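Going by the order they are written in, the chains are A, B and C; count residues from 1 in each one.
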Amino acid sequence: MMFKKKMLVSVIAVWAVLCIAQAAPAAPPAGFDDNEIRIGQWGPQTGPAAPWGSVARGSKLLFDIVNEEGGINGRKIKYFIRDDMYNPAQTVGVVKELVERQGVFAFVGGVGAACGMAVKDYLAANKIPWVGPSAADQDFIQPLNPYLFAVYPLYRDEANVLAQYIVEKLNMKKVGMLYQNDAYGKDGLEGAKERLATYKMSLVAEIPVEPTEKDLASQILRLKNSGAEAVLMFVNPTAAVIALKTAANVGFKPQWISSNTLSDYPLMFKISGGLWEGVITGAFGEIPDSTHPLMVKYREAAKRLNPQERWGTFYSAGILFADPLVEALKKAGRNLSTEAVMKALNSIKDYQTIGPKINWTEKQHQGTDSVMIQKCGPNASYIQLQGWTTNDLATWKKK
Amino acid sequence: MDHFKVENLSISFGGLKAVNNISFSVEKNSIFSIIGPNGSGKTTIFNMISGIYKPDSGRIICDGENIVGSSPDHVARKGVARTFQNIELFSNATVMDNLLLGRHIHMKTGVFAGAFMWGRGSAAAKEEIANREIVENIIDFLDLQSVRNHYVASLPYGKRKLVELGRALALEPKILLLDEPSAGMNTEEKGDLNIWIKDIQADYQVTILLIEHDMNMIMGISDRIFAMNQGEKIVEGVAAEVQCHPEVIKAYLGEDLSC
Amino acid sequence: MPVGQLLVEGLAIGACYGLFATAVFWLAFVITMLFSILLGVLIEFLFLRPAKHPSILGMIVITLGAEMFLMGLASWKWGAEQKFFSLPLNPSVTYEPVKGMIINNWAIAVFAVTACIMLFLYIFFKYTKLGVAMRATQQNKHAAKIMGIRTERVFSFAWGFSSLIGAVAGMFFASRATLDPAFMMEPFLRAFAAAVLGGLMSIPGVIIGGALMGLIENFFGYYWPHWKPIIAFIVIILVLCLRPSGLFAKHYVKKV
């Protein structure tokens, strides 16, 4: 009996392997036909990063609007969302499935720098354009990856602009920094130091945090005793909440300034028990209740097409990451090909929807160096402090 | 009603018959010894009696109740206490604590009431005093006064054997299973043990089942002896009958049983 | 204008609101506690009891597996995103008994609750029948059974009770950070390290181990923030090399 069971299991296993092996074709199927263009996105719909899953759903809203308006040059967009649970190993799996089974023409968005890193070379090797990764990473743009088009401002640029704001607008001289001990946090640290150096200033404290750390008492005390008036945070939402709660516990009340990754005020306000009020953040898009005509249009469409979704920063980010691809598909015309779309993407100049102005050339695929600056008001409301601000020190532009 | 009886007890491990169709009956307040070479299934019988192994077939009758299939803690509460060949004590506890644990089944007060001895006259306090008295008697009896507060792990082997015996006595059992109590003891200690077992039989009104290798001891104190080999019964009887049985002599080949 | 009457009525209603709010919290608190006990008992029954004679390592693996399972279940039921959690303690209320030493309600509550639990455990293990039975079972399950101790019940109780203490610790942690299914994983590792530091088998050892761990991490982390996350584990390795049973456990070398 036992033996038979084992036999059965091994037969099934071998058979499954054979099936998968057979199913992998030599060349991936084409990404479009006469009636549809297939576009994919990965993003955490479950798991610890699920709150960022709304990016992928935001892109869906844009494609639904495009289809409702008749599609692009006679073709409708067929859009696939795959849940990778913010796990790079799973990202590889879902991306391969989309490319090799479904036949995908291009990818948009995609949350997580590590997830993106895991598939960027695979996508380039298969000549699949990837527009608007929902993460910033120097490695996405340097050296140039011909198939990768970045919209998201680099953390280094953002920290630069935020530091400038602290010194010039808030008139604060003592700036401390709490940064996540990875590429995200360290890029932010570089940017802040770079800007402060132009004022002959330096950070009064540079405190690293591991992403999983749950006790930040010593870090906060260091910041407090450094006399920091402003603390720049490049950390994840949980660490930010712990930092704010711990600071409240020890009577430390600086001006908190954080990167755009924490710009979902309703979420941050809720999970911090209201402590988020007064925090200043960078932003990669218009505030949710903006009167910008496109924002009004998208907001109304969201109410109609996806009423149960919360209209928030990350949902609308999904739109602005995908906007340039739609623009390029339109420009490429009815006679669609990857080359035509690439040409259109490479000639996007001063293109702006609800995010920053995007410029791509054949030599430069970082679309922008600009962020907005916003502040969390009472009841998680958004207050815009400063419009699109470029980083005149951006190093990547000089190359 | 039978006091204690084993009927057609069998168990096998992976095809090997460790104990095969063994039956015997033990008189109340007697000393019943089981002898046989190593691996003949003596300890296996004890393990079945105390519920550690479940026999494949057969019955174990204790005061008229079949206890086959009962868990070890249930068997203990039925009044069967035992010691082990390889000593199973609470080694990071003192001698006193080990003996007090033997009183576990006799502690009536609830989970929490026992913690707080509200006043000297309370039921919990009275019970505590009674339990301590019994344990003190055992300590005196086994001459453990000098080590009462020592940790078991720090005691020499022979003393640990005595602590285990004392702990089994603290249960106030009706039936006491002793698995090679004299193993590892020197001649003097063995002599003491001999006397103690007789005293236990007399003072505690307990039925003793004994596994031993020391033939002098067995022949001296046993009321009846049960000899077995390779899981099978050879003979049962009084000392004189057993030690002259040809198969016993064969099983103990080379040993002088002074027949 | 019956100002006085309005004032009284208003205050009374206000007090009711206050009580109700508190009652809801305490009701939820009690339900959580009961649920955690039930959960602990269930974990022992479903995951550990079926395992025959697991080794310590086997048990740790089973426990981790159960934790993964529960984490998955919790994310499925309540979502994996961070949630706000707070105890009825205002974190911003701080006291400064000595200049430069600020203490807040949260910390006071942690100290008080820990002290109460420790006192309870001390009395429980030292003087109650069940507590003594638990210690005996932990030392030698075999012998405990032979003494008539219902070890199954002891395990159920141990799991129920430790689950309860875990829930209390979890609430304190969550009120200091955010609440999500996996948020206790990292503190769990540190708690385990603290237990190893103090000695796994000794309750005062574990508490002192925990306190030492917190102090080492924070003093060290203050001066060398980069090293804060790993200093704990460096200490553990040192302790394991020098005193394998932990700092406070009685260490016996097995005699051959």
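What we mean here is this: a contact is a pair of C-beta atoms (placed from the backbone, for glycine too) under 8 Å apart; a residue touches a chain by one contact, two chains touch by 3 or more.
Treat the numbers as computed from the prediction; the structure is a model and nothing was measured.
Novice: For which chain is the distance between its Cα centroid and the global protein Cα centroid smallest?
Specialist: Nearest to the common C-alpha centre lies chain C.
Novice: With centres defined as the mean of C-alpha atoms, identify the chain lying farthest from chain B.
Specialist: Here the answer is chain A, farthest from chain B.
Novice: List the centre-to-centre spacing of chain A and chain B in whole Å, with centres computed as mean CA coordinates.
Specialist: 73
Novice: Could you give the separation in Å between the centres of chain B and chain C, each centre being the mean of its C-alpha atoms?
Specialist: 42
Novice: Need the CA-centroid distance for the pair chain A / chain C, whole Å please.
Specialist: One centre to the other, that is 37 Å.
Novice: Using the touch definition up top, name the residues of chain C that touch chain A in the complex.
Specialist: Residues 75-76, 79-84, 86, 91-92, 94, 102, 104, 106-107, 173, 176-178, 180, 182-183, 185-187, 214, 217-222, 225-226, 228-229 of chain C touch chain A in their complex.
Novice: Quick check on the complex: what are the chain B residues that touch chain C?
Specialist: 50-52, 71-73, 76-77, 81-82, 88-93, 97, 100-102, 104-105, 107, 109-112, 114-116, 151, 153, 167, 171
Novice: Chain C touches which residues of chain A in the complex?
Specialist: Per the touch definition, chain A meets chain C at residues 46-51, 181, 207-208, 210, 212-215, 217-219, 221-222, 237-238, 241-242, 245-246, 248-251, 267, 270-273.
Novice: Going by the contact rule at the top, pick out the chain C residues touching chain B in the complex.
Specialist: My answer: residues 123-124, 127-133, 135-136, 139-140, 142-151, 201, 250, 252.
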